[in-house]
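Each of the next two complexes has subunit A plus one other chain: subunit B in the first, subunit C in the second.
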Partner chain A sequence: MKQLTKNSLRDRLNLAFFLFPTMLFVIIFIAFPVIFSGYLSLTEFNYASDPAPQFIGLKGYIDMVKSDIFFHTALYNQMRFAVAYFLIAFAVSLVLAIFVNELQRGVQVFQVIFYMPMIVPMSLVGITFAWILSPDLGIFNHMLRLLGLGHITHDWYGEPSTALNSLVLARTWKMIGFTLIIFLAGLQGISKSLKESARVDGANFFQEIVFIVLPNLKPYMLIGGIWILINSLKVFVLPQVITQGGPGSATLTLYLYSWKLAFERLEMGEASQVAYLTAFIILFFTWILNLIFKPETAQKG
Partner chain B sequence: MKRFLTVLVVLCVATALFAGGRQEAEPQEGEQEVRTLRVAAPPWIYKKFDLENYAKEFDAAHPEVKLELIRADKWGGPTYITEWKQGTTPFDVFVGGSGSMLAPLIAGGWTEPMDSMFTGDMAKDEFVGGFLSAGHYKKPEGGGTYYPCIPFVGEVSIIGVNTSIMKDAGLWAGGGPKPIPGWEPEEFRNWFGALNDASDLGAHVQIWDREFMQYNYCGPIKAMTGTFMEEDGKGFDVTSDAAKRWLTYLQEMHDEGVATYTTTDDQGYQKWKTNATGSFYAAQGHIMELVSVTENESDIAYLGWPDADKNGSIIWTHSVWIPKVAKNKDLAKAFIREVVFSKEMQQWSFNNYGKLPVMKDYYGEGITWFQDQMPTILSVADASSPIPLFTDLQEYLDILFKYLPEAAFGRMSVDKALQNIQDESEGLDFSDLRAQ
Partner chain C sequence: MKMVRRREKILFIFVVVFAILFLFPIVWMFITSIRTTQDLYKYPPTLIPHALTFENFVYIFTEMGGFVRYVVNSLVVTISTVLIVLVSSAMGGYAFGMRKFRGQNIMFTMVVGVLTIPYIMYLIPIFLMEYEVGLQNTWLGLIFPYVALNLPWGLLIMRGAFSTIPLDIRDAAIIDGCTEIQMWRKILVPINRPALAATTIITFVFAWQEYMFASTLMTKNEWQTLPVGIVWLRDELQTLVMGRVGAMVIVTILPVLILFFIFRDFFIEGLSEGMLKG
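Showing the complex of A and B:
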């Protein structure tokens, strides 16, 4: 490749020419919407009846955070969902990755099995789980009755106490494949001699995991953790498809609330405020994760 | 040369992507100018009104018109508004849209006034009163009322009863169901108690999703008192004795196992179609779905809540409307008159799917089923009214959805639920887009 240090005009034009379509795409479909919705978040604007956005500065954000009961509910639900999903998805994918890594044979088969839910559209996952957990016709309640556990059958999506956790279950099933692959890659990168040395020194399997595997897996746990975290805060399709934010507002999430504001109430200013507040929350928790797993480990990952 | 060819290919692709639009062929000299009429409707309208077939007749009768039928798979209010702001529209007439779906468009003055349509066979007094009122709105700019859309299909919230179970329960007399005697606790409970004893899966089913919740709550209160609104017009009645009584009955029926409330409409229909439930409070058309299972229309009868024949229930409609920026409004209006309001299409829809025609004259000859139930259905529908379209309706429904199901399902006390609704809806804008 010709060195650009020669500042050849022709090379620069070639570069610009081939970058142009991608840059155009980024500007039109990413940069412009982000900047424009940032502007909208500082306005009051009903898309159907207001001729133009009316600038109100940070008042919208302040009112949203102070007195919008649905925002408070969505934030609370989102945090509950995020904590439950993060812990379960992280633990399950880590345990499964360790299990798969210990197998002598069939590692790739299990990789495929656990990754396959990732290719199923989220909306299909929602519809399928709605049927599985249906109170009358669902196979889950049917199996509970067959096992003599009919007393714990529930309307899993219809009762506020179980609706959000049922969404966590569906999402975990679909999404753990990706973090499992990340963790598995990390596990397979750990030198076998380290584990063998530990065994020679008398370490049992549990000690091996805690003192050898997990410390060496930190960079991958950071990446996997960030991915799970971001996914735990971007919850829209499942509540939209299965519960529409109900029962009551038990499964109203921040993304779903933003959508409702934009497409049901046509309040574009408020919808943008919720979207930006969600983005700030994601950034905040990403920063916390970075502190926990220490920045220098991200480079190793 | 290779680089030149690469550049050429990229430019051609870019031109194809960005050039866009196809030119309509200009009419040749001597040819009659053909105008295009674009008719959009959601898929369920195509199915339940056989729109494609009836539109062919319009096509044949108007050779100067090219009819383009568009399936609107998703309601795209914001998308439509974006195009309308540019002065263009993806369709000339839209067949479908409930009140809450149309409210933002009407509030913004985006639809064409349809008052000039009420002539001849479509004169106002030819309509079922309750249904036409659902298309009557205040002008967005003030100074009077108008019709920005015309309801073409109606639904009324009514009780359907399983006639076999009613007979087993001893609630059948004189060839028809014995009505619920009244709203006093003992007579109300006794009626449902008798029905429950004869029903394998409970006496009563209601759908308590976000949409039906409002009809389930407001319909019986209107039957009881003649209105479901607060005296000051700020929201639904949550303070009167009638409101407390009704919500208490709902809770008691649930807690005693007399009633099942489902959280999705699909679950509700499934429950009703088991043919083992005594009654179903739902849209009249959905109640008819039992016939698809039993294949016998006499398995269903209709009842109103006590005094619903006098005080009415809740109705809702779907309307036909024209975007204000549409170019071919005269063609659109001709299509509405000749197709959407044709007796043939409206009766076909009722005879196949139970969708209620909005014209009084369409209930006689030509209707092939449930003729004996029509007087009950029409008497309730005629006295009924639609849910108001408050400016903050969506937010209000979210608040109601937070608390009303909690009380109905027995998870919150009635007093607390009603108080919470009062408290949290203070400050909402209850200006009603609908005209009285």
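Showing the complex of A and C:
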């Protein structure tokens, strides 16, 4: 260590060599874009007709929040999506984790099965679910008809009332493995003797879960829950691939609205405003997540 | 005890039912891909295929130049991204993990802080940049942003790995007459193979799956990667039957699925580290 720092010029050149690729990519493709889109969000800039961005300050943001109907719709859809996704993903992964953890064997096999969808590209998840849930040839509706439930068949992605929830279903399928593994890690940390002593005291399965398992799982539920929340706000691929934001604007999300403003209407200023507003919402939740994650990672290191 | 055993049976059945439901979409895509077109477009649809065929798989590789092109694009972009991220993060990880320099902590905090920024914020400026420079519809136009988005993750992992190596190893190598770069390449990097594997998996899975940047930056069909190109074909080609789409989906996920089964623990660990992405 000392030997290195003495040889000053060579040492500095070496350091610069090691840092060069990181700095190059981070500055050009991360730092500059963030600053540039921040600037764009303060301008009015149609890429097709304006020669250069026109600075308008915060006016764009104010107009967006106050009077852009599509922004309101996107925000509303996004929040509806987030609530539905949160409830389903949280409940299903928690219940599954508790059940899988109780099994004497096959825990690893089930872990793999539930994690597997995570390696399927989101756009292909979209294609797959659109096919399974398609109105006439889709196998899902066919099964419903076979079971005598023909009256609840739908054009799942084609009707405004079911489209958003059907997207929630597809995303839950892809993403649930991660929270399942968080919860399983937490469950494996709960000591067997604690549960056994409760059992000896005459607690049934349900009481055991409510009074022993859930209280001990709290920190993991918090981490998993906030992760689901953040994840539920970054919805782009599924509505883009399956519904294009439709029918009407029933599945228009914040990401998708920003994208449509930028690449269909070429309004780079407005698109950046939506992107920044979305980012603020997400960063707020990420910040909370980091506050909670920190003590845990400190222990690990 | 009997109670417990019965309870486990019930739980087991419940979990198995869920597991079957979870496997169903992938299995159904596979069944779709090995059906003949007539069998597939019969109404009402049937669960069990009546005639099996691998014609769809042959067709997408021999008759659809577009699909083969996507495979090539995906392979080139993914492999290049992984390699550049590995080298860059091993270099940066060493600098941040084993060297001391002024501003180190602030710089590292900034690089890691980048991890929390939602990707939608980069998309528009990178599109404009690439449009002006002419990087759109080139392999590099995708590789560069992919590297930038994955490098902070790689750096986080590699710094952690380098900082656990005792400094004695380094000093001994220097005394033996190695230059710093030789020592890094021949001694330190090989020690960190597990961390490099985790970085590889995170980056590989990202680049193989990515849709938003690829669909925005690669406006010409011949430059698109598998996740984008398959959707494009489904939407644009009126004559494309679902069996072929199914075959393309299977071909895209099968290699990753096989790797996933072989390196299961690496995958679950590696993927879990990068789960804030998006």
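To be clear about the criterion, the second predicted complex is superposed on the first by the 262 of 301 C-alpha atoms of A that agree within 3 Å, B and C clash if a C-alpha of one lies under 4 Å from a C-alpha of the other, contacts with A are read in each partner's own complex, and residues count from 1 in each chain.
We adopt the following convention: contacts are C-beta pairs under 8 Å (C-beta built on N, C-alpha and C of every residue); 3 or more make two chains touch, one makes a residue touch a chain.
The structure presented is a predicted model; accordingly, all values stated were derived computationally and were not measured.
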Look at where subunit B and subunit C land on subunit A after superposing the complexes, then choose clash or fit.
clash
By the touch definition at the top of the document, which applies to A:F36: first (subunit B), second (subunit C), both, or neither?
second
Which partner does A:I139 contact after superposing on A: first (subunit B), second (subunit C), both, neither?
second
Could you let me know whether more residues of subunit A are touched by subunit B or by subunit C?
C
According to the stated criteria, A:A262 is in contact with first (subunit B), second (subunit C), both, or neither; which is it?
both
Quick one: classify A:A48 as touching subunit B (first), subunit C (second), both or neither.
first
On subunit A, positions contacted by subunit B and by subunit C:
17, 21, 47, 136-137, 262-263
Partner subunit A, residues of subunit C touching it in the complex
7-8, 11-12, 14-15, 18-19, 22-23, 25-26, 28-29, 32, 40-41, 43-45, 47, 84, 87-89, 91-92, 94-95, 99, 101, 111, 114, 116-129, 144-145, 147-149, 151-152, 155, 160, 167, 170-171, 174-175, 180-181, 184, 205, 208-212, 215-216, 226-228, 230-231, 234, 242, 245-246, 249, 252-253, 256-257, 260-261, 264, 267-268, 271-272, 275-276, 278
Interface residues, subunit A side, partner subunit C - complex:
1, 3-4, 14-15, 17-22, 25-26, 28-30, 32-34, 36-37, 40, 47, 96, 99-100, 102-104, 106, 110-129, 131-132, 136-139, 142-143, 145, 173, 178, 181, 205, 227, 230-231, 233-234, 236-237, 240-241, 254-255, 258-259, 262-263, 268, 271-272, 275-276, 278-279, 282-283, 286-287, 289-290, 301
Under the definition above, what is the set of subunit B residues touching subunit A in their complex?
7, 10, 14, 77-78, 81, 104-105, 107-110, 140, 209-210, 262-264, 267, 270-271, 394-395, 398-399, 401-403, 405-406, 409, 411, 424
Which of the residues in subunit A come into contact with subunit B in the complex?
17, 21, 46-49, 69-70, 73, 130, 134-137, 155, 157-160, 243-249, 260, 262-266
